[in-house]
Every structure is written in C-alpha cells, then in structure tokens.
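Beneath this line is the structure, given in structure tokens, with notes to follow.
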Amino acid sequence: MNGQDIPARVASAAGAIETLRRRAPRIHCLTNTVAQAFTANVLLACGATPSMTVASDEVLSFTDRADGVLINLGTLDEDRKKAMRLSAARCRETARPFVVDPVKCDISAQRRAFATELLPFRPAAIRMNADEASSLEASLEGEMPCRVVTGRTDRILCGETCLSVANGHPWLTQITAAGCAEGALIAALMPVAGDPVLAALAALLWFNIAAEEAAARTLEKAAGPGTFQPVLIDCLHAMDAARIMEKARVT
Amino acid sequence: MNGQDIPARVASAAGAIETLRRRAPRIHCLTNTVAQAFTANVLLACGATPSMTVASDEVLSFTDRADGVLINLGTLDEDRKKAMRLSAARCRETARPFVVDPVKCDISAQRRAFATELLPFRPAAIRMNADEASSLEASLEGEMPCRVVTGRTDRILCGETCLSVANGHPWLTQITAAGCAEGALIAALMPVAGDPVLAALAALLWFNIAAEEAAARTLEKAAGPGTFQPVLIDCLHAMDAARIMEKARVT
Amino acid sequence: MNGQDIPARVASAAGAIETLRRRAPRIHCLTNTVAQAFTANVLLACGATPSMTVASDEVLSFTDRADGVLINLGTLDEDRKKAMRLSAARCRETARPFVVDPVKCDISAQRRAFATELLPFRPAAIRMNADEASSLEASLEGEMPCRVVTGRTDRILCGETCLSVANGHPWLTQITAAGCAEGALIAALMPVAGDPVLAALAALLWFNIAAEEAAARTLEKAAGPGTFQPVLIDCLHAMDAARIMEKARVT
C-alpha cells in the first residue's frame, strides 16, 4: 500500500478505540474453554460486552443480539461445531461481522476442514499464526477475507493492502489465550471501525501497545508473566488514542 | 420491614461470615465454564470447599456430599440441564439449600423456560439482575423463593422483607463472573446463616465491601480492573465481622 | 531408600528444570475446565508448550505431537472419557509418558472405576491426595506406577523408593487448580527427567519452592491468596537450579 496512508490509518484506528468505548458493542464469543474467562475480561476492560454461550439451541438468540461474533476453533467439539455453523450462517444472512481464529488447524486435519467449511459464510477477518496460515493457504486462495497473521511482527493482508505492526512483547507468548483474546478484540472493533483493515489495525495496536506498557510496569518490579496478565488488563483499560498514535510502529 | 431490625440483621450477617469459616461448607457448583475458576477461588478465599463437576452420572454423588448447591445457567447445554434437574430434585428430597442464577434468561427463551422448570424444586434463593427478574416475573409470582436483585443498589426480597444494600463498586461490572461468584457465595452462606435473607445479606455485604476495599487499594496504585480481580480475592479472604458492621450500607 | 542418594537426586531434579526449559516439551492436557487456564499458564511459565483439546476426533493428532500427556479426571464427562481412553492407549503404543490425576475419585464410584480402567495402559505416575490414594489402594496393588501422594508433606513412592518433600505453603490449598497444575508439571518433566521419580521430584520441588517464595513476597505486602496466584506464576518462571538445591527439604 501507499506508505503515505499509514499515519492516516493509524489515526483512524486510534479513533476506533474511542468509538468502541462509546458504543459498547455486544460481542458473542464461540471460543475455547481455556480462553473464555481471559477473553471476557479483555473485552470488558476495552468497553465491549461479551457473551460466551455455545449451546446450539441458544446460539441464534445470542447472535441476533450481538454486534459482532468471534468463532475460535480451540477445544473444538461437535456441539461447538454445530453452534458455529448456525452462528456463521446467521451472521452472513444479517450482515453481522464475524472473525474466525482457526487455532492449531495446522495440527488437526478435522479442524482445517472445519475452518475451510466456514469460509463461504465470508468472515470479516481470519486471525492466525504463520503455521496456521500455511496450512490454510490453499483454501484461502479463492476467498478474500482480511487475513491477520500474527508473529514477531504482525501482518494485515487484505486485497492490495499489506500492513506490518511491530508492537508487542514476548510475554504475550508466555501467557495462555493472548492470541485468542486479541481475536475477540478484532471482532469487537469490526462493527465500529468502518472496515476490516482498520478494525484489525486498531485491535493489534491496542493489544500490543498495552502489552508493551504492561511488561514495562511489571519488569520494574522484577515480576514475570503471572503478574503481567492482570496488568495487561489494566493497560487495555487505560489505553487512549493519543498513546496509540505515539507508540504505533506500523509499516 | 421494620427499620429497627436492620442493625440486628447486619450483625447476624456479619456473624455468619465467621460461622462459614468455622464450618467450611462444601458447595457444589453447577456453573458456566467462564466463571468456574474465579468462582472456585472466591469460595476458597471465603473458607468454603467448592466442587464443580457437571456430569450427570456423578452429580448426585457430589450433591450428596455438599452442604449447598449453586445452579447457574450460563453456558447452558443439555448435559448441564440434565445434571441440574437431578441435583435440584435431590436437594429438594434431602432439604439441601440450592441457589439459582438464571444468567441472561432475558436473552434466551430456552433458558427462561428452564429457570421456570427449576422453581417447583424450591430454590432457597434466586439471584438475578433487573432484566432477568423482569423476564421471570410471571413465573415467580406463584412461587416465593428469596429473590436477590442486583444492580447499582442490590435488593433482597422475601415475603414481607425488602432490604437494600448500597455497597459495591462499578468495577464489579467490568470483570467477568463477579455476579456468578456472588451467587456461589450466597449458596455457601445458606447452610450456615440460618435463613435465606441473612445468607443473601451476608453474601452481598461480604462481596461488595471487599470490592470497595479492593478498588481503593488498586486505585491508589493507578491500576485498573485487571489488578482489581486478584486483590478482590485477597480482600474477601481478609474480611472480618467488624468491618462488615462498620461499612454496611443497608436500608 | 538409601539416604545418601538424596543430595544426588535433588541435584538431578534441579538439572531437569534447565533441561525442560531447553527442550520446551509439548504437553497435551486432558484436564478439567476449572483448571485449564491456570494449568496452561503454569506450563508456559515453566517453559513447556501446552495444548488442551478434549474432542475425541482430534485427540490422537494432539497426542502424536506431544512429548507427554496429562489425564486429569476433574469435570469428567463421556467425551472426556472417550478422549482419555484413546490418548492413554496411544501413549502406551508409542511409549509416551502420561500422568493420571484421579481428582476426587474418593467421592465418585464412576470416577474410581474409570481411574482403574486407565491403569493397564501404564501411566508413568499417578498424582493424588491421601483420600484419593486410599480409595484406589486395591486397584493399585497389582500395578506399579510411580505414586505421588500430596499433602502437608508430599511423598513419592516407586518400587523401593520413598521420598518425602516438605516444601510448600498452605495457600496452595486455598487457590483452585494448584494440584491439577502440579500434575501437569509432573507430566512435563517426564520426557526430560530420565525417570519418573526424578520427574516427580523436580515438579514437586519446582512448584512448592515457588509457592514458598510467592507467599513470602505476597505476605510482605499484606496480601492474600488472590495476589499469590499470579506471583506464583512469576516465581515458577524465575526459578533456577541453584535455588532448588538450596531450598529443597527432601528426606
């Protein structure tokens, strides 16, 4: 993309944080049991309203009340698959944005197949690491959702757009569910940011700059990844648009 | 109720805290997967012994060993419903107190129907927010469990009794599972407090005064809702009857 | 056992910590929904790579990628049982070590029967408290896995070997999932420590000495079991072989 666009995009992403707080979107998370509590706390700290029910007989009621949906394939089971199919189809019908996080689809063929099955419902974005992205490459070719590939540097790929976000801290890989919660934050920004790239950019900057601040606060007390986790929630809660613009490292 | 009763009731509620710590009641929690870990930690910090199994072939063994039961309808599924029916019936037969928390029954008709189905087993109390209470109003008319309606001010309604508890802190709405854990604490006080109103009053005061103390401690360090959560557990653990009586705001 | 062996065993156990960090073993945890997040955070802080999927159609893919497996019987249900049978059989076939934690098998006959059913697959170790050990005694007689019986003093029993570990802190019993996470750490040390006794000894020393340090840090700030939990993760992360050797109380 044109490099001159970047400061404008960062400014828009920073603004999206304030919009999210003002609108308090409801986000329904079909996510794994390991990540549920941390994900809910991240969304609450950021100003969104999470719900987490997985039962297939209730998922449409919750989808219909939500502004955005997260479909995370961790601890996948038959009940989850059924609920995810129903919710994705309803999102497609009602033009609600949903985000797919195909956790560890590189390890399980069943999960890879299920991730592929969700693509025709047109997720607004897919969040994955490099291994997961490789394993889904063939399936993703025809489809064109916004792809968020996380790693030491995160990339957002969408049509002609390719942004790199260098913010973050290694401790994010030493606590469970950080990536899963980040996926939920992308889903929470979808209904407020105006477009998928901005939503993904806002989520990555918010989460990763908060992680940098939390690590700095924690390290000055000679602490480690355990203390880092609640402080990360504090920093997500305290983030503002000015700090996003000051600290963003986007190319 | 007669306003002159209030100081006596607060004193009894404060005493119930010490009784709970002395007796260490076993509380079986049929609760949602998001709230399980935080709920267990709250009960342990308060001096109760939690168990959390949901499987229907084991639920009676755990119910029979428990002094009180929590039935929380979050992340409801068919297995949970089956276990909840069995446990509620056994509680009724064996005169064990159980508390129902009909989480988000205002959003899901299935959940509303299921909450209604539990009422004939005579829960000792129902804990809900105003929206959930409205959606269950018709069903609750004939039955008369103690109703605990939480919000900015919490109310305890039981027969002629109507108490208002003004303690608490807004951060309780910014962490997940606070209400669910409070419901478990009501269940834990049922077998020790002597009557449902006192059990509910003791739980609301314990939880909400601990939240005030935790917020004060956290704010003086410029922290937020992430740090607040472990400090809330510390404050629940450190609470005593004298502080309950000093800080209670009950009308 | 010969008392003169103890310093050598403690030194080997201390060395196993460094080996684990260097090798970063993948540990697949079939564990209860209450303990999943804390267990994952403990393993990550110690340098292992956890996975947590329970679905029976995926469990072999995850087992095949793992260096060790934990089978924890908390929140047991039919799906978990099916996945556990498959994973235990695969571990047996492929000589992968797995650890069984028969949580609360003293309360549920079904769980006791299921724990017994797993023994012929030859777990490398069984971790249990005294009540659970008593309830399984008859079944364990014929079989000879390494038994880790936790309590005020922990014991490791294996053939002729009987070690007692006196490290630890009472707050470990006031947070949920501490024992479950310790079981996962035993599983994580199995593929790196060379033998089951050393793996169990290394895990008990690592976890319990970290708990002593975390309690000391927390108490000097007048805090409680809520703050203790994230600090415990910090202390697990910061542990080194020298401190293990200095602080071990093994007889």
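Per-chain numbering from 1; labels A, B and C assigned in written order.
The working rule: a contact is a pair of C-beta atoms (placed from the backbone, for glycine too) under 8 Å apart; a residue touches a chain by one contact, two chains touch by 3 or more.
This one's a predicted model, so the numbers in the text were calculated from it and none came from an experiment.
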item: Shortest walk length in steps over touching chains, chain A through to chain C; value: 1
item: Self-contact between copies chain A and chain B, residue sets same or different by half; value: different
item: Averaged-CA centre spacing for the pair chain B and chain A, given as whole angstrom; value: 33
item: Of all residues in chain C, the ones touching two or more other chains; value: 33, 37, 229-230
item: Residues of chain B defined as touching chain A within the complex; value: 32-35, 37-38, 74-78, 104, 107-111, 173-177, 223-227, 229-230
item: Chain C contact footprint on chain B (complex, rising order); value: 33, 36-37, 40-41, 44-45, 50-55, 57-58, 61-62, 65, 79, 229-238
